[in-house]
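So the structure is just underneath, and the comments pick up after that.
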Amino acid sequence: MIVTLKKNAPQEEIDKLHHAFEKRGLEVHEIEGDDFNVWGLVGDTASLDERDILANEWVANVQRVSAPYKLANRMFHPEDTIVDVGGIKIGGHEPIVIMGGPCSVEGKDQVVRIAKEVKAAGGQILRGGAYKPRTSPYSFQGLGYEGILDMAEARKETGMPIVSELMSADKIDEFVENVDLVQIGARNMQNFDLLKAVGHIQKPILLKRGMSASIEDWIMSAEYILANGNPNVIFCERGIRTFERYTRNTMDLAVVPIIKERTHLPIVIDPSHSTGDWKYVEAESLAAIAAGCDGLIIEVHDCPDQAWSDGAQSLKPERFASLIKKARRVAQAVDRDIQ
Amino acid sequence: MIVTLKKNAPQEEIDKLHHAFEKRGLEVHEIEGDDFNVWGLVGDTASLDERDILANEWVANVQRVSAPYKLANRMFHPEDTIVDVGGIKIGGHEPIVIMGGPCSVEGKDQVVRIAKEVKAAGGQILRGGAYKPRTSPYSFQGLGYEGILDMAEARKETGMPIVSELMSADKIDEFVENVDLVQIGARNMQNFDLLKAVGHIQKPILLKRGMSASIEDWIMSAEYILANGNPNVIFCERGIRTFERYTRNTMDLAVVPIIKERTHLPIVIDPSHSTGDWKYVEAESLAAIAAGCDGLIIEVHDCPDQAWSDGAQSLKPERFASLIKKARRVAQAVDRDIQ
Amino acid sequence: MIVTLKKNAPQEEIDKLHHAFEKRGLEVHEIEGDDFNVWGLVGDTASLDERDILANEWVANVQRVSAPYKLANRMFHPEDTIVDVGGIKIGGHEPIVIMGGPCSVEGKDQVVRIAKEVKAAGGQILRGGAYKPRTSPYSFQGLGYEGILDMAEARKETGMPIVSELMSADKIDEFVENVDLVQIGARNMQNFDLLKAVGHIQKPILLKRGMSASIEDWIMSAEYILANGNPNVIFCERGIRTFERYTRNTMDLAVVPIIKERTHLPIVIDPSHSTGDWKYVEAESLAAIAAGCDGLIIEVHDCPDQAWSDGAQSLKPERFASLIKKARRVAQAVDRDIQ
Amino acid sequence: MIVTLKKNAPQEEIDKLHHAFEKRGLEVHEIEGDDFNVWGLVGDTASLDERDILANEWVANVQRVSAPYKLANRMFHPEDTIVDVGGIKIGGHEPIVIMGGPCSVEGKDQVVRIAKEVKAAGGQILRGGAYKPRTSPYSFQGLGYEGILDMAEARKETGMPIVSELMSADKIDEFVENVDLVQIGARNMQNFDLLKAVGHIQKPILLKRGMSASIEDWIMSAEYILANGNPNVIFCERGIRTFERYTRNTMDLAVVPIIKERTHLPIVIDPSHSTGDWKYVEAESLAAIAAGCDGLIIEVHDCPDQAWSDGAQSLKPERFASLIKKARRVAQAVDRDIQ
């Protein structure tokens, strides 16, 4: 960590700060500059918070050199982590995994019917929302536990593992029992109590990026889960919030090479929420695969204009099937495959 | 609500959609345009989701005319709501309320000592974090329940009501019993389960704006609390995330006139988190008061460079006292006061 | 255009506004709503500015139904525009075009040497900066006209057309004489005098997206060029400015399907400026091709750590060659090709 | 400047880089860390570009310690710069200056009439747009030179100095001759050729912040003007572009203390463009004054709903007069005044 000190700092203050760092077991190396003095702190700085050091009024700037994450850091864990979701492997050089299904579970018939379509089209994991984060208290809030059971039924009928969003720690047992991949949604990416809770289970976690989360924030949220004991984290990019209004969010595809460079964890892309418009889902999906992602999660509905939520971004099954065919060609062009 | 239809929509699809709106009790008024046809839907559209209508592939655009919030809407509730926090009134033409205290409670002595300084300086409510949302799992996570009890002790010694952040619904009884104003933090602004939970109590809620929440999202989160039965909501702006790097966040002061125009609820400003730097706290505080806010919430620490969190943005008590003096003059210049 | 009026608007004001619209040749259709009244304006609204109508204090909201651009609008020009750059065709179903070269021209030898490498690797157009927009007045500002002549020499030796950035209308003759594709940089995307000036020539224009330009702003800037008489516009996405700090900018790849849906003009992607880091250029390039872009513009330097600017994002020729090989495979997977 | 090197960098590469820095006259101080090695560069680093150093593939990170601006830097120029605009002093402890006038000059009668209103209300400088940057080529583009002459006439009749936007260097003589304060608009803040051109004159420059310009970018644009010989620069904040849609832009008031801390130049606030809505202009104006700004520039029109541009954000003269009265009270509360 690099600490920049003001030139006019009193010697007494300098000594106090120097001493404080040494007490934490850090070596302090000093460089005298023209406008500032600079200290390099050598040792384990992961538990230091830059902003706490900045609180010293003689400190002009603090800059981290080593990343603040350790367990997620590829530097200390060079080999790829491959996460097993109900028998489907995600990450490393495994085939790219396609997850599909309705935004909201609307009943057993609906989800079983769509699950069969998803499977027939070539999907491997069934997505579906039972607990729904909705901006408006007047919108449909999801079928809850009943929806989870409906999904479990769809798994029984199709053999596909299921992924669904957990919004609250008090439902965790229900998810451990019934769900194969536990999604933490964008709005809860920094709900740290929930992150700790899913750190205490072993089920794989699909960690969506918050709408205004930096990549570093996002990796730190994964670090919470890892540090609490659950190594099975999959990142999921779903677009960030920007000034642009022609799309619902702005997909940030640079995360694919960056997550692969800095961490050892898999990364999956959600083109439905990032674009918010089914017309752009295919282009974003093919792009994500070419960029090197480990999977896609796509909203599919057999009757989008009757969907209870997010129909605007849902693909009809035949378009989903056509997308997978094209995606397979792109995957092969970058030396991956789709099962 | 205005629905724009593509010119080439088949008559059968048009009829189906028309019928669907009428079934929901809406009148449909049609306007034939050159490039598109336009429908005006008259009736109660609050439960309609624009995006669900957009799912129809013959719909080009959907535009809400009436706001999606009702209980928070000043149009249906013209008089100001005044919220009572342990005897201190906030909102309307009441004097501006100053809340101050440490970012983190670090023990009974610390919080009692700072509480006395806050009171002596002219503050009316004591803030302090017992449960701390921290980006890193390796940072100090707060003293938890012990911290809440320490704050309660400080209230006993100073008479000041206390505000602290609730991160998880399972602690709600602890907060109802001990805390006067329950803060929902920026990272939980769309933790809808938590919003519903605090909607079921009657304690006043301080609802911070999420880092990437639009003003409309924020009002909708208040609407969740109101719709679940708790009318005592105070908005708190703490800056939004932008590209700017010289400050931690970008304070959006236009929220003051906008919240007052569109809702009847009070609004408080947090200049500490928005700037992230104590040097800019005074300027932002005076600005917020001139803009018409109902209160300030400011981090105060008697030894910022020893603070366990966020020292960089904490004011020393003497600077806090000096700020309140200046703030009072500005308040009077805009025909308000500070107690 | 949809105009929402406040319920309490005085009849006299309503009549005045109604009359004003009719005087502009627009039909006014009225819908009476519960909270507001709504007018639909039918006719040619492209020259109306939403904000001018909003100036009327009885107007609550204004919403455009038809797009504000006409010449760029695919609705009125369904077939793809194919732009010819010195014999290389860009757009429609033409093969994807790869442009490469140094950020800055550093002299004749350098640019000729790199040009040969670009051509050998499979590039078709040579890029190079002679006039350089630099954030700091103390940074290298480009070789100017000498740099343009150096590029012309490189064209002579390799046969590749050249693209370079025009920063000021007073150099336009120099560019018409010497350059095949005239780049308008991100910082000048709304330098409307410059847009008008390049609208008066017939050379193809590469119009980069501004760092905070919405897609609509960007299309409107193209509309400036088209409306002034030059139909040869190619869009170039180079990333937008967001809060994310691990990349220089955030590439917005949704622009590819959106530009193709809403306009008839070609679109090219610049992965070098969007990522700011050569390590991520390949992933973004392949993604852009899979998304359906018409070309790539990539910074190439044979000695990036000696480059006079932007070495950090420059590919070495061998990596550029390897990228093109991979890009060709991805192009073929989406039924395009690279020459 | 701090350069972080990868641990696995070959000695030969390290030596080469070390030598390169020494050749530029910099001392290199080395610190060996656990995960990285760190170099501190001591000497004049203003002409170094961080990104050029990053181009070396063994460099992991580069961090500037000293600011990249020198002439604008308060560290080297501690006393406030006071800029004289036609006899009106702006900056330091001078009274706060109010500029007002129409968005667009619409003719001599209009601008003279409004100028008189502005003066009567207490304004000191007349603003008016003759050359207008408009997003649409179909919108009114301004009266041009005729508008400048109309403003000069208004100055003759009222004695107020005038400010107007210069969009192109070829009109610079016209502005030197007729205009007292030359505005560089947000869209041209990084039109470096224009910045150099106005650096060669001595007229005061009002430098608006670009919509996506960081504060550092903005100061660097001022540095361009200063470095070319013109010391008379006034900053003008007009809001930045964010995701928020209830306002046109998001005003960033933290710039006031930051610009005053880091530079010695005056700063003026434009509440009309930042909010885009006259209803919020008063609140933002009072806030800006409380924050410590040196002036306001406000759009005033006697008939906003007939204005040829931006009526929605224009104040009527009586509201402008009332605003100035309130502003004066707030100014006095922070120990400033308004003339």
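Letters are used for the chains, namely A, B, C and D, taken in the order the chains are written, and counting of residues starts over at 1 for each.
Assume contacts are C-beta pairs under 8 Å (C-beta built on N, C-alpha and C of every residue); 3 or more make two chains touch, one makes a residue touch a chain.
Everything numeric in this text was worked out from a predicted model, so none of it was measured.
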**Study point:** Pair exhibiting more inter-chain C-beta contacts, A-C or A-D
**Key:** A-C
Exercise for review: Compute the centre of every chain as the mean of its C-alpha atoms, then state which one is farthest from the centre of subunit D.
Suggested key: A
**Study point:** Geometric centre distance via CA averages, subunit D-subunit C, whole Å
**Key:** 26
**Study point:** Averaged-CA centre spacing for the pair subunit C and subunit A, given as whole angstrom
**Key:** 31
Exercise for review: Measure off the straight-line distance from the CA centroid of subunit A to the CA centroid of subunit D, and report it in whole Å.
Suggested key: 39
Review point. So which stretches of subunit A touch two or more other chains?
Key: 212, 240-243, 245
Exercise for review: Sort out for me which residues of subunit A touch subunit D in the complex.
Suggested key: 2, 4, 29, 31-36, 38, 40, 42-44, 60-61, 63, 65-66, 75, 241-243, 245
Review point. If you look only at subunit C, which of its residues touch subunit D in the complex?
Key: 17, 46-47, 49, 51-52, 54-57, 68, 133-139, 141, 167-170, 187-188, 190-194, 196, 210-212, 217, 220, 223-224, 227-228, 240-241, 276-277, 304-305, 307-314
Exercise for review: Within their complex, state which residues of subunit B touch subunit D.
Suggested key: 212, 214-216, 240, 242-247, 250-254, 256-258, 261, 274-275, 279-280, 282-284, 286-292, 326, 329-330, 332-334
